[in-house]
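Mind having a look at this structure? Questions to follow.
The chains carry the letters A, B, C and D, assigned in the order they are written, with residues numbered from 1 in each.
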Amino acid sequence: MGIRVAVAGASGYAGGELLRLIAGHPEFDLVAATAHSQAGAPVSAVHPQLTGIDLVFGSTDPATLADADLVFLALPHGQSAAIAAALPETVKVVDLGADHRLIDADAWARYYGGPHAGTWTYGLPELPGQRTAIAAANRVAATGCYAVATTLALAPLVAAGAVSPDDVVVVASSGTSGAGRAAKIHLLGSEVMGDLSVYKVGAHQHVPEIKQATGAASLSFTPVLAPMPRGILATVTARPVDGGPDPREVLTQAYADAPFVHVLPEGAWPRTSATLGSNSCHLQVGTDVDSGRVIVVSAIDNLGKGAAGQAVQCANLMLGLPETAGLSAYGVMP
Amino acid sequence: MGIRVAVAGASGYAGGELLRLIAGHPEFDLVAATAHSQAGAPVSAVHPQLTGIDLVFGSTDPATLADADLVFLALPHGQSAAIAAALPETVKVVDLGADHRLIDADAWARYYGGPHAGTWTYGLPELPGQRTAIAAANRVAATGCYAVATTLALAPLVAAGAVSPDDVVVVASSGTSGAGRAAKIHLLGSEVMGDLSVYKVGAHQHVPEIKQATGAASLSFTPVLAPMPRGILATVTARPVDGGPDPREVLTQAYADAPFVHVLPEGAWPRTSATLGSNSCHLQVGTDVDSGRVIVVSAIDNLGKGAAGQAVQCANLMLGLPETAGLSAYGVMP
Amino acid sequence: MGIRVAVAGASGYAGGELLRLIAGHPEFDLVAATAHSQAGAPVSAVHPQLTGIDLVFGSTDPATLADADLVFLALPHGQSAAIAAALPETVKVVDLGADHRLIDADAWARYYGGPHAGTWTYGLPELPGQRTAIAAANRVAATGCYAVATTLALAPLVAAGAVSPDDVVVVASSGTSGAGRAAKIHLLGSEVMGDLSVYKVGAHQHVPEIKQATGAASLSFTPVLAPMPRGILATVTARPVDGGPDPREVLTQAYADAPFVHVLPEGAWPRTSATLGSNSCHLQVGTDVDSGRVIVVSAIDNLGKGAAGQAVQCANLMLGLPETAGLSAYGVMP
Amino acid sequence: MGIRVAVAGASGYAGGELLRLIAGHPEFDLVAATAHSQAGAPVSAVHPQLTGIDLVFGSTDPATLADADLVFLALPHGQSAAIAAALPETVKVVDLGADHRLIDADAWARYYGGPHAGTWTYGLPELPGQRTAIAAANRVAATGCYAVATTLALAPLVAAGAVSPDDVVVVASSGTSGAGRAAKIHLLGSEVMGDLSVYKVGAHQHVPEIKQATGAASLSFTPVLAPMPRGILATVTARPVDGGPDPREVLTQAYADAPFVHVLPEGAWPRTSATLGSNSCHLQVGTDVDSGRVIVVSAIDNLGKGAAGQAVQCANLMLGLPETAGLSAYGVMP
């Protein structure tokens, strides 16, 4: 008998990816998947890629979830706190939403609004000390998708004094699944195919999370919507510190033992498709000839390392399982 | 110590997918990957999705391969026979190429040209009796991608007398990876994105294989190139036989025990993306109101059930492993 | 002072393309664009590609339209009749919807439901005699998108006795704009990119229109949704008639004087991208070696020759203008 | 009899778009199209979107071109100078290549290598005074695609003292046609669909051109390859100058009389698809809440305003025609 796992909010894209990963996990048994409007529908009617999984969505109430050993919350922002509060302390919980990521309640109020739900252990195992902290926690707030891509590129460089935290500029492009499974005109295939656009210019809600996780003091962050279902490519630029350590050396050492973060060989640059369906992050760093800026590029699957994969990685640590259990480091490409 | 596995022709798309599946297989150890022009290059330089696999391509000669327990041949048509002949009988071989599929040497000459290499056990486990035959074979010719999609849709209906073999019309669309990793203008992203086109109209080389595998007596087959990397959607139409059995019933029974072939619930129709990265085939069948024709639609991943996944499934059977070892039934979607 | 033109239902995709074509037409002055839910919004807020057109959507009532010399109706099925009835006979009207295409009221009832609005002159100028009929008409029902692609491929062959009308099989793939600008989950970019799927299998509403326009007696028609915004590729197969004329010769002669229908040189096959944004239809024909079936492939832009371009072409004829005024025969490619 | 126009290097993507625009131009008569490897082939065999144009590619020698009134050079970098030198001064020439754009011969040597061909009038009519300069010139060097997108966003702001030239950071994504029609593995549809990647990080050859055209003193420029055939979306960030003028006001005034550059209404942000096939550039500007940086976003069609459209616009000015002749301000969307 394996570990009993439940997913709340399983009808969205991150939820679907969680169900796929759970189905392939050697230790997990899926016992419940809940959904708001889809309660009562077969899982495979909503997620045709899961045809063969014989389960019906339940409704998202704590009673359905409390029976599990491990609960993933993949709910809209602001809905996790109430559910989590109703679960026994012994149930391990990984929240894929933003509710418990921020330390600064003011930042929460400014970017999300509403009351701050409190702060959980931050679910990015590759940050210093975080692997241990996650292993000791019963409540973990998994990192946001843009924050994963940016933080893995930037945090070690700021910490090592390789780049200045004072003027970080990030432009990050995401596939459309990052916008969720909402029936909106601007997300129609007819609108997004063949199209690049920007959105939430000047004030994306991941900014405070990225600053908290990277140590950036000033952050210009512009998100771009790209014509593909999955993937984030982040271009992170920062000024080098005079006499600071070599950025590539810093990143290579920072991730020497990380099974899912790869600094690519020199000359190779990240591509999102190489991470599709995997839990990997690919990184490369260079210097701009003209401006002297350090340029770090990172690629992830926004639903993998950016959401469901990351959450499973955290859960593995919380449960004392191998960090890599049920996760692939290899992308589905082409 | 696991089963020692080698892949010849591993630098192409099917080869890359084989390497990915082997890396995730619980019993396989990859001992060699060979390539013609890429010999000497790191595997991850050619397949960035396999970053983390520390292996260099060897050259494709029998000595490199003979040391393995299991060899996959993912070579261009016409190159398998010579390699296979040089391997000991004790080495199990799965050929992803066309060389050993056809029984009829004339058909080979007509559609492929050159001498016929002989006929191996046909690698489509879901055909009646074929699972047993594959389990007993040391040499298996895996099914072609279009043939998988068409045969799974059609063969049981012809065999059961549900449809006539006399006037089968198939239009099947494939993602571009089906055309291989060849630097050709008409396969450039600029040319294929936003575009649908037909090719090899009237005489595709999979026609004799499909007729052999399905029992179709007359087959009109038109392939379409679709703007996506992977996936085949086949629309198979045939005339019903008066008084014949119900097509949906026939298909449901034919695949009752097949772990990778799913007849979808009534009202649901196959989508290629639901099979992406998986070894699944999704099927549905209906009747055209105006013409009375039976319409069967099937969806696969051309590199999964249509190539590498199918080959691993056959290898599992040849080695006495669970048919599903190292394979996922669930797609990476969206 | 040019011809005063109004568009009803201008907020959808066909409506937007009409506005673009009208803006580039040498004789047309756009005087009104109406929309249901978007009334009051600037045109460019709904159609950002029309930035620079300084017009606000009106509401769709006859008074707004009656002042024009020419009215295009791009309304949902079933809404044209009431509007048209309220317009003076002297106003020329082209209906892009299905309401007035069918001769057979029973077929209307069976495929669309509701009362039959009556039959207008059929707006496919390339059919024999139709150019003259359209020129004489004040009310024209423009052809449906799938019907354009299929009819141009098939009608001359049936009429000339080159193929049998008795067993026509069509599989036609369309870009997503054919499904309209409706906020539906299954049309999201995340769902359609990388995906092929079938829909309305066995009973598409264009079937009676295609039969009426082509003379097909039995028609199996399967539509496929393809991952691109625009374009239809139709594969039309029919049995040849013994001793009948050469199909390619028939098509070449049928379209010798048609400025927008091109039978491609031998060896070249249609591609949808070559027609993007244009009013052209590309055709090629071959014979299937195995089955002997005649295979005609046609490509159009579903919003061009399949909708707005076709409608402008009809309007040009109705107004005594050159058939090609304001229309391009050349696609935007790549 | 119209103006006699020839295109050298007409088999590439920019060349094809030039031919399309020339075919639709009210004053231009295409008299010759030359190509290197495709000499002797029908134009429509290389550019199927131009089916109906009855012309064969000539070889690229000056004798073929000298007979024209106007010559467009769409040749690989380094090949324009020799051809141009052999043309009579009376022939007006627009070079779409980079050879004659740079003033600084050292910058040419550093980024392109080889001898500097000299400097022609810079073909960006929207820069102050440039419309007049182009109208007076017989030789014009049209702007590079990334340079168009970046310069239109940035140059007025630097000139007006709204932003500092000292630390400009640009991340710009381009569709694949920007990489040209070269048969390369990494440009295959299978490789680029579903993928974002960076290239030429830290030293793109458009950097010196952009600095020259915008007045930027320090420029970090990172190009991204996006999964679509056409379009450039540039995100341009710079520090505001204390007490400087309002950026949006500056841009609005700068382009008040420019028929193809549109500062979008507040709240609307540029999308590449809205410019597809057109000669328009869409702009919007905002301020980043956290960093205070000014963020300007621009969208163009890289083959339209970024290449062929721009070149035709320049030619119109050189010939005393309306600037907008033969060009559309409206995109083909969706």
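What we mean here is this: a contact is a pair of C-beta atoms (placed from the backbone, for glycine too) under 8 Å apart; a residue touches a chain by one contact, two chains touch by 3 or more.
As the structure is a computational prediction, the values presented were derived from the model and not from experiment.
Trainee: Kindly list the shared contact partners of chain C and chain D, in label order.
Mentor: The common neighbours are A, B.
Trainee: Note whether the interface between chain A and chain C is symmetric in residue numbering, meaning over half of all numbers used appear on both sides, and answer same or different.
Mentor: Over half shared, hence same.
Trainee: Would you mind telling me which chain pair, B-D or A-B, is linked by more contacting C-beta pairs?
Mentor: Result of the comparison of B-D and A-B: A-B.
Trainee: I need the rotation angle between the copies chain A and chain D from a CA superposition, between 0 and 180°, in steps of 5.
Mentor: 180
Trainee: So, what's the distance in Å between the C-alpha centres of chain B and chain A?
Mentor: 34
Trainee: Once you find the CA centre of chain B and the CA centre of chain D, what distance in Å lies between them?
Mentor: About 45 Å separates the centre of chain B from that of chain D.
Trainee: Could you list which residues of chain A touch at least two other chains?
Mentor: 13, 175-177, 188, 190-191, 193-194, 227-230, 271, 273, 276, 334
Trainee: Spell out the residues on chain B that touch chain D in their complex, using ranges where they run on.
Mentor: 13, 175-177, 179, 181, 183-185, 187-194, 227-229
Trainee: Within the complex, which stretch of chain A touches chain B?
Mentor: Spelled out, the residues of chain A in touch with chain B are 13, 16, 20, 23-24, 42, 44-45, 47-53, 176-177, 193-194, 229-230, 259, 262, 264-265, 268, 271, 273-278, 280, 282, 328-334.
Trainee: For the complex, which residues does chain C have touching chain B?
Mentor: Of all residues in chain C, those touching chain B are 167-169, 171, 173, 175, 188, 190-191, 193-199, 201-203, 207, 211, 218-222, 224, 226-231, 233, 235, 237, 269-273, 276, 284, 286-293, 295, 297, 299, 334.
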